[in-house]
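Chains: A, B, C, D and E, in written order; residue numbering restarts at 1 for each.
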Amino acid sequence: MRRGRFTGYWLMLPAGLWLALFFVIPFYSLLATSLFDPKGSVLTGYDVDYRFANFVDALDEFWEPLFRSLWYAAAATAICLVLGYVLAYAIAFKAGRWRNLLLVLVIAPFFTSFLVRTLSWKLILADDGFVVDTLQFLHVLGDDGRLLATPVAVIAGLVYNFLPFMVLPLYASLEKIDGRLIEAASDLYASPTRGFLKVTLPLSKPGVVAGTLLTFIPAAGDYINAALLGSPNQRMVGNVIQNLFTSTGDYATAGALSVILMAIIVAMVMVYIRTAGTEELV
Amino acid sequence: TPDRKQDPASCRTRDLSSSDKRLVVSNWPGYIDEDDGDYTSTLTEFEKKTGIKVSYTADVNDNLEFFAKVVNQLGSCQSSKRDMFVLTDWMAARMIQVGWIQPLDKAKVPNVHANLIDSLQHVGWDPDRTYSAPWQSGLTGIAYNKSKVKEVRSFEELLTRSDLRGRISLLTEMRDTMGLIMLTEGADPANFDQDDWDNAIDRLRKARNDGQVRAFTGNDYIQDLSAGNILACEAWSGDVAAAEDENLVFVSPEEGQMIWSDNMLVPNLASHQGNAEEWINYYYEPEVAAKLAAYVWYICPVKGAQEAMEKVDPSLVDNQLIFPSAESLKTMHSFMALEEFQIRAYEGDFADVIGG
Amino acid sequence: MNGVQRAGRWIGEHLVLAAGLLVLVYMFVPIAVVMLMSFNDNSKSRNVYAFRDFTWSNWANPCRPDGMCSAVVRSIEIGLLATLVATLLGTLAAFALVRHDFVGRSVANTVIFLPMASPEIVMGSSLLALFVAGGFGGRLGFWTIFIAHVMFCLSFVIVTVKARLSGLDENLEQAAMDLYASEWTTFWRVTFPLVFPGIAAAALLSFSLSFDDFIITNLNAGQTVTFPMFVWGVAQRGIPMQVNVVGTVMFLISLFLVLTNMLLTRRRAAAS
Amino acid sequence: MSLAADNGRSLRLTALTKEFATFTAVRSLDLEVPAGSFFALLGPSGCGKTTTLRMVAGLEVPTSGTIHLGDDEITYEKPYRRPVNTVFQNYALFPHLDIHENVAFGLRRRKVKDVDQQVKEMLALVELESQASKKPPQMSGGQQQRVALARALINRPEVLLLDEPLGALDLKLRRSMQIELKRIQTEVGLTFVHVTHDQEEAMTMADTIAVMNGGVIEQMGSPAELYENPRTTFVANFLGQSNLVAGTVASADGDVVRVDMHGIQVSIPAERAHTRAGDGWVGIRPEKVLIAPAGEPIDAPGNHMTGGIITDVSFVGVSTQYLVMMPWGQELMSFEQNTGRRAVLEKGTKVDVSWRPEFAFLLPASQDVNAGVIEEA
Amino acid sequence: MSLAADNGRSLRLTALTKEFATFTAVRSLDLEVPAGSFFALLGPSGCGKTTTLRMVAGLEVPTSGTIHLGDDEITYEKPYRRPVNTVFQNYALFPHLDIHENVAFGLRRRKVKDVDQQVKEMLALVELESQASKKPPQMSGGQQQRVALARALINRPEVLLLDEPLGALDLKLRRSMQIELKRIQTEVGLTFVHVTHDQEEAMTMADTIAVMNGGVIEQMGSPAELYENPRTTFVANFLGQSNLVAGTVASADGDVVRVDMHGIQVSIPAERAHTRAGDGWVGIRPEKVLIAPAGEPIDAPGNHMTGGIITDVSFVGVSTQYLVMMPWGQELMSFEQNTGRRAVLEKGTKVDVSWRPEFAFLLPASQDVNAGVIEEA
């Protein structure tokens, strides 16, 4: 900690101002939007009407995609956790001098646009594509079975797209674990499995918490995967909000739905962090 | 939020056409011919003839989506960065009504008034074609992939056949989709009441919930159809032919089909209105119109084009998709004109089904 | 130890690594497809979901699709500018948070975490709501995208630089002061070079996030088209294969930059 | 409280070898550690101590050779199946578990009953009953060290391995922990194998010391044996300090080897003469080298030498260390207790030097006179 | 090579105090360090050594008091404007600069010419010429330590501060670095202020030692002075070890104080008696306590006591440390050089004990007999 009583404020000021102006205030703006009179339209304009019923209406009408978003996101997060853990663990403990290279490979896909990659999944999972044919041949899928336009494809897309956000924090916390602790566990009669469960896993908890949050939250708000890989029956809340804002122009409901989504997520995150017992995030 | 109505008389800019030979056009995909080997497109010929450099983008996929793209600009008298876009009747009507569209200079588009087919000359929302000129008309029906599925004859089949389950798509254009469903349900899209509507929307919801519908699309259905992800779908008449895939077939459903026109519009603050008018006038020359129609396979709104087609491609002179006969016109339905409040209610119902 | 035991041990030791690599392979399948499709000749068909014929022409004429290259350029411009600003502001803030104790520090820490904890659709739409309410609805475009990108990159920059900075031994700065370096010189000669890898990582992350963003951008872009928006647009009318060329090139460039950097540092370390 | 298994078994390493990719860390090592002994493994950094311990613990697989506990071979046994526990150099306490759970860890893994009671008793042994619910990072170095010990001891291993458990402590604390450790070993009666590179620590604590160098054992024996009769220059220099003076064997009969050392005849008892012909190093420990101002009598009848000059004086309270330049140009170290009988001598004083021949030892000249003297490169 | 400024100035701390939020780390400290001396600041962990040094370096602002260099006050001078340099405890070498640039850092900041030549010379002084292009993390601890020293020395500071520069090294290496450091100080002739909590280090290296405890200086003087005549129990126990035996002053005249100690009369020279009436602690260093099997003569005329029994024997090669239980129930420490004149005595042997009265010292009974004896809580 330094002397210079005001330096801290000066340094914080530009970023703080930026976030206040373009993150905090917009959020208020959104709150206001969510209380618009829904009788307005994009053409005629909207009035702030403090219409709290918007929330009820939005929930009533869109509880299904909302719920679906949460469950897809949860499923995707769980799968990401398993896959991400394996990868992060392998990089942290087994990759030796290839560690840095593998880490680079984890973020490299970011540079091939998110959309391009998701479209490429559409090609891979196509009804007449190789993957579906193989699965049909193996009788994992029925003869008219398919992957696209099913929850499987949407969740797979979410898993794929948010995996790096799981791997990186997991890696960061695994890498900090002192290898001798694991040896100490095996010295104290813990089989590799027990050692993992009793030492490695608990010690990587900060990474698990940060990773699950960084995966779950964006996944719950995503709509690209549902739009490209799903069908109308897999619509997520993001699709609804996006549609309401753009096509339908129903700002009031869109705002209300956004606020609801945000509230649910904040609540879940708080409960989660409390139970996971990690205060210091990321 | 502010009111989005504008006055086209005040919300306009100086026309740069004479000094700045450029033109920015937004249109639907697959709606124009393209250079290919020896073939020179109408657009290239236009450029050659006039010296105007056309920047043509096929970024209209869906009327509402396009509306959303420009609402913030046009609604606050800002430039949409385009000199012309092509929208379907009802959307054109709406934009003209809120004052976002510039009137065309009659003197500069003589061909429109001379050659526009009679049936389109006096539409309710633009009685004198002051603001708009049809680009093409078209039909909404069914397309299917004949190599993968047996013939689909009716919309009913599309909505119910189990071998099509999860392999069909419908259009996000409310008037097309709801129109065809109403026909299936025995209602008249040109004149329906709330019950008819409710019936139809239930029908749609059911199809969706049953998993019959794989997607609601704009013009993008054609890729999925070609790729085999979709076996049959609601489709616009010209697209199938333009796709150049012999397995794809367009059918007029037994219940009837929807007819519509897409209209060229010059938005407020367009800086090349003169060039846009030159473009409109050019495409109303029968030879040009015939050449275009031969390529896109949509209904040609230009008188004399049928005759001109003799020279372009004689086999198409009697093509019902391009030059429908009087009796086939009778099987075609258009969608009732809606008041703004109806639009919002119906679009809202429809959006809830397709988007939620 | 006999052969079987040896083999068993070997497999046991490499099983996790193999599984990890498999996950990595999963991450690269779509990229392989992108690369493959960049050589696809689909001029004969509307089907953009199948490999037809091999061609170099997509690579020979990468800018053929109207507006694609200008969208790529736009994305790079926004990416660079947003990265520059976000990295600058974020680094300052990270210094404030690690090195200075001030009232409101914990509030600041929370506010910084929030953008990472907000769904993009919410951030994008609230920003749009603000712009529209503020009368900027008609002026959406380059600058509104830039503002949004700086906003969501900031948090990631701050977190990344903070991590590096808190690992920095404060003794080093004191040593520099002890050796006649003023505060300013200390910063430029000692603190900055040592924190630089963190700043570089943050900048790289910023750029990738900005370049890749669609949801927030799409809502706030007005008539400006970035590369992801271009892709979204063309996805609806048949993707031109050149999009895959861009995807491949961006991927290879990033890989090349990072790898050469890695090799250089390794070689430099080995040389001395 | 005696934890020793009744059937205390000795630990036996036979031809144990560990080769890493580019480096042989342990080279055909043979070692027998008797049950119940406090055994110290002493050697410079990098000599292979940790590697040896890790092989015994099962954390490293030997390249060849065997490890036996009594009659059972455990060479390839999994670490978690060996009755062997380790106290790691930096303790390796589990930071997420409190002290109680750290100590209970091994018992819980083996599904032992009555864990809590045993943990309490063990914490009492290391005098940490009151700290049971603290987390390791909240404890001082010395406390952590005791937790690590308790965590290993509670499993009643047949062999307890300690890898420089005191290395990280400061000097004073280190001495007090040495006493503690010795007390506990005496109390529980287990076999301790204790790795250190602090020779004083090894000497005060161990029953047996093995001095290791470059992957092999140089010499093994009781502390006094090793100190008084080192067999190699390395041991002579590494375990304490030695004056090594060049000489030539003049004659060797049954009991005594006579050496000519710069013109002076010195006689070395046969059991301390590790060469019997040719050149050699005459070794003598600094505390055996007595000095007095020239001409004054010295209470060490034997090899009396004149002509020394004090070149360095270093006062450390209990004692003073002198360097004396001998006529043949070599500096000898002399250690002198500050009994106060005589004032500390000053630099430049002319002195006579003497030592009793029975304390000298003789090493072959072929050995490096500087082996085991630590110098930084 | 002499770096000392011709006008070597002494460092003077006057009533220096540092209060942290909740804690007074340094309490009205007065200290004068003569120019050119090797000054050691010795004290237990947390006593305020580092804080004092940091105030001198300008890295911490004193709460009150002043710091002078000769006649100039530098109390509030910026660190980079003081002719004072520091060798940090963990060296604080710049990891991104090579050795050459690390050493050149201070000169470059002051825009000195001819930097490269000076750096070369300095690296030669610390024997690291060949390592100039390495980065710090590639060097061993001992080498890093020398770089840190070179980096500070090259600036020819008037005062060089060393904060436990050897704390992280292992024992053997530490001894060799001590010699190195002393050599360099002698060679360059600068004022060194050296912080340590290793008393042996302080004694062998310093001209003057200040023993610090709880933020104040307990005693200051030459190593021999402090060792032989400690003024407090803390110094007696912290600097080496002491036997402190309870006694009562029987009489005190000019030269000598007579004390009754468990029925035995001991006479203590007046200059070593720090109380002249009432109860007190009679202190005697273990190397002054001579023992012999009961009845045998002891070469220490003076306080001869009988009836001791050896309770612990600890052999460390050069010497043996005995604990002798005295008839009054106290264990005395006795240190004996292993001259070999007599075999090491065994535990249980009955012994007589003696010391010369002139070596004893007397401390007030009010002082804590255990102050400075490190025990882990």
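In this text, contacts are C-beta pairs under 8 Å (C-beta built on N, C-alpha and C of every residue); 3 or more make two chains touch, one makes a residue touch a chain.
Keep in mind it's a predicted model, so treat the numbers as computed, not measured.
Asks: Taking contact as defined at the start, I'd like the list of chains shared as neighbours by subunit B and subunit C.
Replies: Touching subunit B as well as subunit C, we find A.
Asks: Counting only C-alpha atoms to place each centre, which chain is farthest from subunit E?
Replies: Max centre-to-centre separation from subunit E belongs to B.
Asks: Going by C-alpha centres, which chain would you call the most central?
Replies: When every chain is reduced to its C-alpha mean, the one closest to the whole-protein mean is C.
Asks: Which of the chain pairs holds the record for C-beta pairs in contact?
Replies: By number of C-beta pairs in contact, the leading chain pair is A-C.
Asks: Based only on mean CA positions, could you tell me how far subunit A sits from subunit D in angstrom?
Replies: A distance of 57 Å separates the two centres.
Asks: Between subunit A and subunit C, what's the gap in Å when you average each chain's C-alpha atoms?
Replies: Centres of subunit A and subunit C (C-alpha means) sit 16 Å apart.
Asks: Quick check: how many Å separate the C-alpha centres of subunit A and subunit E?
Replies: A distance of 60 Å separates the two centres.
Asks: For subunit B, write out the residues touching at least two other chains, lowest number first.
Replies: Residues 1-2, 75, 227-229.
Asks: Residues of subunit C that touch two or more other chains: which are they?
Replies: 49-50, 133, 235, 239
Asks: Applying the document's contact rule, which stretches of subunit C touch subunit B when the two form their complex?
Replies: 44-50, 66-67, 132-133, 135, 137-140, 222-223, 233, 235-239
Asks: Which positions of subunit A touch subunit C when the two form their complex?
Replies: Within the complex, subunit A contacts subunit C at residues 1-2, 4, 7-12, 14-16, 18-20, 22-27, 29-30, 32-33, 83-84, 86-91, 93-95, 100-102, 104-124, 126, 128-129, 160, 163-164, 172, 213-214, 217-218, 220-224, 228, 237-238, 241-242, 245-246, 251, 254-255, 258, 261-262, 265-266, 269, 281-282.
Asks: Would you pull the subunit C residues touching subunit E in the complex into a rising list?
Replies: It comes out as residues 169, 171-172, 174-182, 185, 189-190, 193-194, 269, 272.
Asks: Along subunit A, where are the residues that touch subunit D in the complex?
Replies: Of all residues in subunit A, those touching subunit D are 178, 180-181, 183-191, 194-195, 198-199, 202-203, 205.
Asks: In the complex formed with subunit B, which residues of subunit A make contact?
Replies: 36, 40-46, 61-62, 64-65, 126-128, 144, 146, 148-149, 231-233, 235, 239-240, 243-251
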